[in-house]
Each structure stands twice: as structure tokens, then as C-alpha cells.
Amino acid sequence: MSLLPLAIDLVLALTLLWLAWRALNSPDLFRAVVLFIALGLVLGLVWVRLDAVDIALAEIALGAGVTGALLLAALAKLQPAASQTDELQTAELQTAELQTDQAAVMAPIALRLFIALLLLAFLAGLGFAVWQLWVPAPGLSNLVEARLDESGVAYPVTAVLLNFRGYDTLLELAVLLLALIGVWSLSTAPHLGDEEPEPALAALSRLLAPLMILVAAYLVWVGAYAPGGAFQAGSVLGAAGVLLRLSGWRLSLSATGWPLRLVLVLGVAVFAFIGLAVIGFDQPLLGYPPGWAKPAILAIELAATLSIGAILAALFIGGRP
Amino acid sequence: MIPAIDAALPPNAWLPLLVLASSLLPGLVIFFLAEQRYWTRTLLNLAGSLVKLLLVGAMLWGVFHQQQYAASLPLLPGLDLVLRVRPLSLLFLSLSAGLWLLTTLYAIGYLEDSPNRSRFFGFFSLCVTATVGVAMAGNLLTFLIFFELLTLTTYPLVVHRGTEEARRAGQIYLAHTVIAGALLLAGTVWLYTLAGTLTFTTQGFVADLVERHRWSLIAIFVLLIIGVGVKAALVPLQSWLPRAMVAPAPVSALLHAVAVVKAGAFGIVLIVYDVFGVEVAAELGVTKPLALVAAFTILYGSVRALFQDNLKRRLAFSTVSQVSYIVLGVAIVGPLATVGGLVHLVHQGVMKITLFFCAGNLAETLGIHKVSEMNGVGRRMPWTMLAFSIGVFGMIGLPPVAGFISKWYLGLGGLEAGLHWPLFVLAGSSLLNAAYFLPILHRAWFCEPPEAWPEERDFGGNKETAWLLLLPPLVTAALSLLIGLFASMPFTPLEWARLIAEREFYQP
Amino acid sequence: MPMLLNGADWATALVFVPLLAALACFLVPRAADWLGVLAALLILLATLGLVQDLLSDGPLRVAVGGWGAPLGIDLWADGLSAALLLMTALVGLGVSVYAPGYFAAHPQQQRWFWPLWLLLWTALNGLYLSADLFNLYVMLEVLGLSAAALTALSGSATGLNAAMRYLLVSLLGSAAYLLGVALLYHGYGTVDIALLGQRIEAGAVATTALLVMAAGLLLKTALLPFHFWLPPAHGSAPAPVSALLSALVIKASFYLLLRLWLDLFSGLGGLLAALLPELLGLLGAAAVLWGSVQALRQRRLKLLIAYSTVAQIGYLFLGFPLAGVQAEEVAWRAVLYLALAHGLAKAAMFLSAGNLLQFAGHDRIADLDRAVQRLPLTLTAFVLGGISIMGLPPSGGFVGKWLLLESAFTQGRWGFAIVVLLGGVLAAGYVFKVVGYAFTPTEIAQEGEAVPLRMQWSALLLAFGAILLGFSAPWLWPLLGVGDPFGLPIAEVGAAR
Amino acid sequence: MSSVLVFALAGLGLIGLGLYGLLVQRHLLRKVLAFNVISSGIFLLLAGLARRAPGAEPDPVPQAMVLTGIVVAVAATALALAMMLALRSATGRTRLEDHGDED
Amino acid sequence: MFVSLMSVALLVAGAVFFLAGTLGLLRFPDVYTRLHALTKADNLGLGLMVLGLMVQAESLAAAGKLLFIWLLLLAASATAGQLVASWAQGKGIAPWRG
């Protein structure tokens, strides 16, 4: 085995660890968040190195992109901009908070040491177990390969996600919706996007938004035989929504009621509906009739993409409309 | 005279269930009655108690004529909730059914115009339901269940007044009974894991285990006896009883004569006779300590009663003492002592309830709570004090009142078993009884009444007190005379107790 | 008679009815009240259908999508899952009937309550029906997120604080569980529990997986010393939510732990398999005592009930050491009885506490002020629930304790027997502490708000359920035996169908 | 020594660092970050180990699982952040209060 | 061979610009000047790299995609630079002067 890839991998791994450590321990929250986003991007590279391009896409779009955006938005809300309040007062507040923060930012040193030792022991045990796993994997690749033809798609990961383990994916969509319901139950006021948009941003958004919708559609379509699919597409769509929102675009008031909610539940609803409807055709739950798997999956993916995009944008914006 | 059990006749399941229902259903309905629906409530109460009395009468007749009454409901595989009416059950059953009717009448009069009567009578009925359940229990599990229900249904009655004092008394009552319940449960489960059955059997069901599990059986015996001994107010487990006197008079009557204390004593009878079997218990060597505890309780209660000025507390300590007569009769192994103990279960109930009714009348009519306030009360309330006097004579054991019969058999039983000390205990206790009861009679009949009573109520027309308050003690006083005078007639408690004793000791 | 719907259909309905109802309630909040109750009724119907099917045809296995394990996800149902599904359906119906009354004063909370609660219900049913470790992870996450969001619904500072802590704990617990799933998948090439049960072998992989999964699930189940998050969360959530959290949510993670133990890890042998049950038993015993004593010390009703939950969780873990060699079945059945009884009883108690809170505007125990006279139905519900919690007869709690004691005595484990008894005594102490004050007037008479009858009756009926559970053995006993969940691994039995 | 092992070890490291952060840090935002780091570590183990058979196609099942896991983590993060903001606006705090038992 | 050499040369050149940009990011005194380093040098560096990769691309479509990526990034970094600068101005951060 050549040494260069291994060296690259080592560097990547060490970067990961260093970024994680810095993200968790840097005194400045903003820096911590930025480092965390960087961690997500490096992870994306790692996934590529591990031949997991789907995960790489998802990691960058969701893990680094959406999560990062959510974190930054929350941070912005936590540290109100100086322009909004009296500057002096804010400064006082911040120093006051900083001082109390200093005292209680972390657990006492002895406790920290204890925790660290405990964790090291735990990691040693875990490492030993992982080491024990170092025999050829008995995984399910062959089985997936063998039945790929029946699944209606040509790409194994999509087949697993939307057919073999479609039940998980249905619930995963429900998790997203659930998170949004939870977020909406917590606050009314939108967190972000009420400022006057920057003209440059607005221009870029106008340029990008249609493009992103196109990319999303492409990602859904390509998912049938290559990396891609509803979640990656949905996050692109969500990003488009966020951009539009930031550049001043608003849903018309009449659309923020049930039409919006309909879009939000569409993914789960269509998935569940198809999953149940097949029972009427003497199929098991979520078992697409022979020949119908491809269109069914496509329909589900399209609906899911729309919903995921809408949910992600709504999660970023925050409070309910 | 011993009715043989005829297996050909199918047991009648309806009567035991109806006996339960006759107080359970009225009780549940009463809970939902509005406070001012006096007549509906009264009607339900009386109808329930009359029906129950009739049903019990029917079963008395039936059991005497070899009918069987049993009902069961599966609780767990191999363990059923069993109601079975046996002669011993009927002894307790007829006592509680009869006294419930009288206590209900009395309570209706006593609680007139006081708040929360629907709640009171609801729990009152549930309490009696639990008591008849205890009486009819066909196995130890069923007994345990109704015994615990009894705890739960009497608690609201104890705290009924809603005062801080009542709340405390309630907590103490519960602390005692719940801990006891836990021990009873422990003993029961333990016994079940050893014996594989809990069905009450004449002469017990553990004889086979004595050899292998002697010490476990002794431990189980102790657990069970403590478990029921709290309600029977055995020393040193008696301290809840005097405190529970904060409850209204009908409740005290119920606690002392009908339900709680009696259920405890009845439980001891069951454990000794139908779980262990009196001879097995004797062989294990557990009856002698039990007898000693009983003897000590008899004397302790009497001595404590001497020093109480509060009338109800004096009566309470008297109960502590008197209930242990039953335990003593059980623990002296022998047929005559058994008869004495069992018959006292009924006799003490009838006599003690008379005394509590009278004490309630004094408190309700004249506001008298203390012995020292009772000077000349016999002139103001002659009928009440007549009933009281009969009760007192019975307690002391003077013939021909019922109490004499009990003591006579207990004494004979002791002699039959070759023991002399019970005689001394009985004599000493009788002397002490006289010492704390006769001064009351002296005050009531021979001292000058005061200018004014502490808190006199006028019942109109120069009446002594409300007739609903007067009737029950007169009836029970008459009863305690009658069952003493005609003790040898059929169907008297004495005859019934003899029947039970014969089965325990003479059946193969 | 051929049934119109078979067991697989009922199982499907159990997951999809609440899911679709959640979507509908989210879409049309105005109709949520009756939609929710309708869904609850349908779920109860489906549960009864499933129970009937199990009793007549034995355990059930459904291959979702027709793929079958290990490629696809399987649903399964046996006596263990059916019993918990039934409890969930009953408590769920009770809370669903109760909620509109409680939230009438808080329309904003009500609007989010319904979709969140129905998603929670989806997760509960899905969890009891799933035979797939990873699918169970997703269910756990749905469960945790919806439970935390529901906890935060009150919007109070205490509530948000508790919800935040609960969310983090829950996420950490699921993460630990997922780590175990990862190890097991790579060790044995499947995430189907039954298949894993056949393939798993003693070794570092299995041991580590057991430890991390157990730790995660214990954290979620709030066994002492992981109970720290529970009292504030259960004590500060809206009353119907507290009822759901205490009665149902912790049972789900306990069920999963039990399932993993029974089907995967108990047969591994070795030191750990011998020591872990003892450790869990000790922690359980400590939880019983500590939780009860803490409950006795509380001055607020909801916190008292919450600490009581800490204690009652302890009982569930006594089954691990007691399910030794001889009394295996009895101890597990005891645990099941206790879990079911606690579900019904604790829901009744929390709903009662909600009534008292609504009535008086506070839940200070010392100021209950004649509540027994003014809210008799509610107090009855509280006491009946309390009776089951204390383990007094006749009740489900009594049967559970009886069986547990039977198991302890048979094996001569006196210590556990004493803990069981002592826990009951302490429980009586804290229940009757409340009842005593409810009989006593305070110095200044307090006015009360009217409490709708539906709130009083739903609490009361749940409490009756806890009592009636004591008489349920004729049909519950055979149901618990369906598929022999406490004996052989389910795969060997379920394969027949 | 292979790259898979390197990344598996890195996954372990992330789990450890994340746990440490979760337990030690008090600011809620940092706790949320820590949770995400833990998740990433677990994902790295779950999908990374699928690659340990050299040469063959990676096992798609754990990949699909990780995809699901990432979405769940995003959802959880969104909820946690919203809850943190709500807590902050109700109390002014961004830390958990330890003695929230009594009102 | 020639294509490979050219590709390598372009890539190396791109890397140099990136290095310069990074150096600028680290060493420049204030936010405005750092923006220069980021947007100008890095965009040029990226452009060179894209060019280097394009010559190796298998198809015209792939080459087009690469070019497209560069254009998108140009637009994005221009907008981002503008946003950062205007935010800094809004905060009242004075530009560095000598």
C-alpha cells in the first residue's frame, strides 16, 4: 500500500480531532461554531475517502451547511447586534455575562480530570471492541446487490433508503417534521430575516434560487443510480428558501396557513399513503407492486424533497409564521 | 350436632356475593348522593343493612342444614379470591351484620345536620363490606385483601372530622396498619412459596412442613400475628387505638366492636386454627408466647384504663384489654378455651358497642367527655345509663350478662389445659375492670348532678335524647343480657362457638 | 370466522393511525380535539384486534415491504409487546380525552400538543412493534424529541430548563444506543434482533455493545443514579404531558432494555452477564428507597408524584437479579405487571394532580384544603392510583408485588423482599400524606376553579384500570406467554408463522 | 494499518472529545456542538467500518443508516437550539440551572 | 504527457495563489484588507486549479461543470465579501490606515 494516501488520511484524521477539540473548547462561541462548520467540511472529505459519496454530500449539505446555518442563526439571536441596542449598555451586559460565564463556563478542574480519565478508560474498551471487529465484514452488500433489480432503482444506497429500509426513511421524514413542530411550539417570532436585505445578496439570490431548484431536481433524479437523492436535494432546496428569505422574499400571508403546512407534511403523507395503498393491491406494507417501484419511489422522493426543503428553511427561519 | 359436609350439593355462590353487594352497592350509590338527600340515603343504608341481616340469617340456617356457600374469582394462576362461608365465618358475619344495622341507625341520629354525610356513609358501607369479606375469606390471600381494604376504608372515617388532630391520628393509624399489612403480606407470600396453597383448612394446612421448615414456619407465624395483631391492638402494637378516638362516636363503635379490632382478633383465630392448626401451632411452640402476650395485654389495658379521665379513652383501653381475651382463648390450646375465646368475639362486640353508644349519647346530648363530668348523669339520662350499666356488668363478668359466659369458659379452658395462671389473669382483670368501671356507675347514679351540663342540647318535649340515639344501646344492652341468659339455646353465639371448637379438636 | 383484518393489518394501523392523525392535527388544528380522540379510539381498537390475533394465532412477524430480515425491517409482536401496547392504548385514550379540558385555558399549547403527542404515540407503538435495532433507534429519537418538546410546552422557566436537560439526556442516550447498534451490525452483519440472537457470541464486541446500549437506555429510563433529570421534567410539564412521560415514555426505553437483555445478552454467559443483573437489582433497590424517601419529603404534589416514579422504576429492575434460574418467568411477569400497573396508576395520579392544579391554581400539598370534599372524583382517582402504587390489594400493583415477593422468597433473596415491602410502606406514606391534607381545611378557605368532568372522569377511569388490572390474570397471563418472550428467543417460535 | 482504521480511531476520538465537551462545558450551545461531534464520531464508526473489507464495494446499508442519522441529528440540533433560545428569553440564561426542583 | 504537465503546472500555480491568499488572511491587519486576500487571491487560485482539472476532464460536460463551479464561487465570494464588508462598516469598524 502506498504511503501517500495513508499520510493524507492521517492528516485528515488529525485535523478532525484538532478541529473538534478547538470547536468545543475555544472561548469565543463564534469561533467555535465556525470551527465546527470546518469540521463538517473536513468530515465530508473523509467520507469521500471512504467511498461514501452520499454521506459526503449529506454531511456537507446538512451536517456542515444546515447545522452550521442553524448554529450561526442561534448565535446571532444570542448575541444581539450592537446596532440594535444602546452600545454602552450592551457592552456592560456582555462583560457582566462574560464574568459570570468565566466562573461557570466549565466544571471544576478536578471533576474535569476525573471525567477525562473515565472517558479514556471507556475509549480504551471501545477501541478494543473495534479492534476485535477486524475480521472481514459479514455485511449485507451481497444481499443488497442480489436484490437490487427488484428495488426499482439501480443505486444501492437509494434502494436501501427508499425500498429495503423505506420504513426508516418514512420515520426520518417524520423526525424532521417533528423537529419543526417542536421549534414552532417554542416561539412565535421569526429569528432572522427581518432586516433590510443587502442589495448584493438580493441580486445573488435572484441568480442562484432558480439554479438551486434545478440542482435539487437533478439530485432527486440522479439518486436512482448515483449518489444523490431526496435529502441532499431537499437541503439544496432549503438553502434556496433561506437565501430567498434573507434577500427579503416573503411567503404571502394567505400561503403561510394551511398551504404551507400542506407542503411541510407532503413528504410523510405521500410516503405513508403509498405505503398503505399498496396493501390494497395485496402487497405487504410499503411493498411496491412489481413494476411500480420506480414511479412510486420517484413520487415519494419528489414529495419528500419539497417537504425537506420547506422544513429546513422553516427550521432556519425559526418561529412559526 | 356436627353437620357433615355433603359434597353432592353444589355450593351456592350467590349468597356470599349478595352479602358483599348489600353494603357495597348502597355505599357506592351514596357517594354520589347530594348532601341534602337525607331520606334517600337513609333508605339505602337501612335497606342495605336489613338485606344483609336477612341474607346472613339465611346462611346461618343453611350452614346449619349442611348447605355450602362459596364463590371464587381467579386472581393468579393457582390463586383465587375465594369466599367461603363456614361456621367460624358466620360467627363474625352475624356479629357484624347485626351491629352494622344498629350502628347505622345510631349514626343517622348522631350525624344529623353535620357536614359530609354522604362521604361518611359511603365509607361506612365500604368498611362493612370489607369486614364481611374478612369474615367470609376462604383463603389467606382473600383475607389479606379484605383486611387491607378495611384499612383503606376506615382511614377516611378516622380523619372524617378534618381537624389537624384527626389528620395526625389518621397518619398514626395508617403507619401502624400499613406496616402491619406489609408484614402480613410478607408472611403470606412466604407461606405460599412453602406450602403452595393458602386455603383455610380446619386444623391447618402446614402440618407436612413442620419437619423441614420449622424455623421458617415460626417466622411466618410471627409475621402473620404481628400483621393482624396491630388491628387487634396487642401490646405493644396498640398505640393507634386510643388516638383514633378523635373519630365520631359511631366510628369508634365500628372500630372497636364491629370491624377493625374484631377483624384483627378474627385474623388471629384464623391463623391459629385454619392456617397452622392449633395443635401444629402448639407443637411449634408459638402458642405459649402468644398467650403470654395476650395475658399481658389484658392486664396492661386494664391498668391504663384506670388512669384515663376521658371516657372514650378509658373505653379504648378497655377494648385493648378485652380483645385479648379472644386471643388468650385461642392461645390456650384446648376446646373449652377455644369456646371461650370465640364466644367472646361476639360478646365483647355487643357489650362494647353498648358502652360506646352510651358515651356518644353523653357527649352529643350533654357535652360530657370526661368521667369527672358524669356526676348524677343517671338522673338526667336514666335509659342511657341503664344500658351503660348492663354493658359494664358484662365487662366485669358478672352473671347473667354475656361477659360472664366468656370468662367462665376461658377459666375452665385454662384448667382443662392444666394451666392456672389464666385464672389469675382473668381474676385480676375482672378486679381491674371493676375498679375502672364501677366508679363511673357510682358517679352516675349516686352523685349530685351539677348546676349545668357542659353543653346541653334540647331534643324537645323533655326527651332524654333523640330516639335514634337511644334505641341502639338499649337493643345491644338487651342483647348482651339475652345471649348471656339463654346461652345454651340453639343459634346462640355459645352454641355456635362450641360447634366450631368441636370441629377443630375432634374431627379426624 | 375469517377476520376482515389480520394481525399484520392491526400492527400497521398501530403505527400509521397515530402518524396520519398527527399530520391531520398539524394541518387542521381546529379539528384536532376530536381527531385526536378519534385516533385514540381507533388505536385502542387496533390494539384489541392485535391482542385477539395474538391470543388465537400466536406471535406475529411482518416483513415490511416484503423483504424480510436481514435486508428489510421486520415488525413483530408477542405477549411482551402486546401488553405494553395495550397499556399505551389505555393511557393514551385517557390522556387524549383529558387533554382538551386541560388545555382549554391554553389554546396555544393545545395546538402543538396534539401533533407532538400523536407522534410520540407513533414512536411508542412503533417501538413495541419493531424487531430491528436501527429502526428502534429512529423510534427512540422520535420518542425523545417529541417528549422533550412536550415537556417544554408549559413555557415556564422551570419547564424549559427541565425540557432542555431532558433533550440532552435523551440525545446522549440514543447516541450511546446507536453506538451499540454500530458495533453489533459490524460484528454480526444484521440488525434484526432475532437473527442477532442466533448469531451473537460472547466477546468484547457483544460486551461493549451491551454496556453502551444499557447505559444509554438506563439514562433514558432514569434508573438511579441517572434519575436526576426526571423529577424536574415530570414535575414541571403540563399535567397530561407528565402523565405521558411517567406512564409511557420511560416504559419504552425499559422495554427495549428488557428486550435486548432477554433476546440478545442474557444467554451470553460470563462474568458480565452474571454481574450486570445484580448491579441493576442493587440500583433498582436503591432507587426504590431513595425515590420513596424523596417523594415523602416533597412539598409540591407533582414533584412528589415524579419522585414516586423514580422509586417505581426501581421495582422494574428488581426483575433482573430475581429472574435467576428457578423463578425466571415469575419475576419477569411480576415486572410486567408492575410496569402496566404503574402506567395506569401514575397517569391517573398525574391527571388528578392536574385537576387539583387547575382547581386551586397551585399544587402545594399542605394547602390542598378539603380537596376531598370539593373534588371527590379527582381525589378518588388519586387514591385508587396510589393504592396500586403502594401495592395494596386489589390492584395491578399488588399482583406485581406479590409475584415479585414470591420470586424473592422462593430464591431466599430476603434483601429484595424487604426492599419491595419497605417501598410499599413508604409509598403509603407519601400517598396518604397527600390524602391527609386533602381532608384538612386550611386556615383561610380557598376558592377553586371549576374542573370539567371529562378531566375528572378520565383520571378516575385510568385509576380503575390500575385496580382492575389486579383481576386481569385470566386473560393477561396467557397473553404475556404468547411467543414465550421470557423463555426462548422469539425467532425460534415466531419462525413458524 | 489502513485508512479505515485511521478513521475508525478518529471516530473514537470524536466520541471521546464530544463526551468530554458535553459533560464539562456548561454553555448550551457548546453542549449542542458536543452532541454533534459525538454523533459524527459514531457515524464514522458505523459507515467507516463498512469499508474494512479491502477492495469490495462499501456496504450500502450502514451508509443509508448514517444518512438517516445525519438527518436525525440535524433535526435534534434545530430543536435543541430553539429550546436554548426559548430558555434564554425566559430566564436570560444559556446554562442549565441545577436546582430547578422547587419553584 | 503534455496535458499532464500543463495540468500540474496550473495546479501548482493555483496552489501558490491559495498560499498567498491564506498568508494574507493571517497577516493582514484588518477585516477589509483580509477580504482582499480571500476574494482576489483565492478566486484566482481556484480558477487556475479548475483550469488545471479541466484539461484532464474526460468529457466536455465535465469540463463545463468545473467551469460552472468556478463561476458560482466567484459570484458567491463576491457577495460574501460585500456582505462582510458592509457588516463591518455597520458595526463601525474603521479601516486600517497605514
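For reference, chains read A, B, C, D and E in written order, and residue numbers begin at 1 within each chain.
By definition in this document, a residue touches a chain if its C-beta (ideal position, glycine included) is under 8 Å from a C-beta of that chain, and two chains touch if they have at least 3 such contacts.
Since the model is a prediction, treat every value here as computed from it, not as a measurement.
J.: Which chains contact both chain A and chain C?
T.: Of all the chains present, those in contact with both chain A and chain C are D.
J.: Through how few touching steps can chain A be joined to chain B?
T.: 2
J.: Relative to chain B, which chain has the most distant C-alpha mean position?
T.: Measuring from the centre of chain B, the most distant chain centre belongs to E.
J.: Return the chain pair with more inter-chain C-beta contacts, choosing between A-D and B-C.
T.: By number of C-beta pairs in contact, A-D is the larger.
J.: By Cα centroids, which chain is closest to the centre of the whole protein?
T.: Closest chain centre to the overall C-alpha centroid: C.
J.: How many Å are there between the centre of chain B and the centre of chain C, using C-alpha atoms for each centre?
T.: Each chain's C-alpha centroid was found; their separation is 43 Å.
J.: Please compute the C-alpha centroid of chain C, do the same for chain E, then give the distance between them in whole Å.
T.: The answer is 57 Å.
J.: Determine the centre-to-centre distance between chain B and chain E, using the mean Cα coordinates as centres, and give it in whole Å.
T.: 98
J.: Centroid of chain A to centroid of chain E, CA atoms only: how many Å?
T.: 27
J.: In chain A, which residues are in touch with two or more of the other chains?
T.: Those would be 126, 130, 133, 137, 139-140, 144, 164-165, 168, 172, 175, 178-179, 182, 186.
J.: Considering every pair of chains, which are in touch?
T.: A-C, A-D, A-E, B-C, C-D
J.: State the interface residues of chain D toward chain A in the complex, per the touch definition above.
T.: 1-10, 12-21, 23-27, 29-30, 32-34, 36-37, 40, 43-45, 47-53, 56-68, 70-79, 81-86, 88-89, 94-95
J.: Residues of chain C touching chain B in their complex?
T.: Going by the criterion above, the answer is residues 370, 372-373, 376, 383, 387, 390-394, 398-399, 401-403, 405-406, 409-410, 417, 421-422, 424-425, 428-429, 432-433, 435-437, 439-441, 470-471, 473-474, 477.
J.: Could you pull out which chain A residues touch chain C in their complex?
T.: 125-126, 128-133, 137-140, 143-144, 147, 163-168, 171-172, 174-175, 177-179, 181-182, 184-186, 258, 261-262, 264-265, 268-269, 272, 275-276, 279, 283-288
J.: Residues of chain C touching chain A in their complex?
T.: Interface residues on chain C, with respect to chain A: 8-9, 12, 16, 19-20, 22-23, 26-28, 62-67, 70-73, 109, 111-112, 115-116, 119, 122, 126, 134-135, 138-139, 141-142, 145-146, 148-149, 152-153, 179, 183, 185-190, 203-205, 207-209, 211-212.
J.: Spell out the residues on chain A that touch chain D in their complex, using ranges where they run on.
T.: Of all residues in chain A, those touching chain D are 1, 5-6, 9-10, 12-13, 16-17, 20-21, 23-25, 29, 32-33, 36, 39-40, 43, 46-47, 49-52, 54-55, 58-59, 62-63, 66-67, 70-71, 73-75, 77-78, 101, 104-107, 111-112, 115-116, 119-120, 122-123, 126-127, 130, 133-134, 136-137, 139-141, 144-145, 156-157, 159-161, 164-165, 168-169, 172, 175-176, 178-180, 182-183, 186-187, 191, 231, 312, 315, 318.
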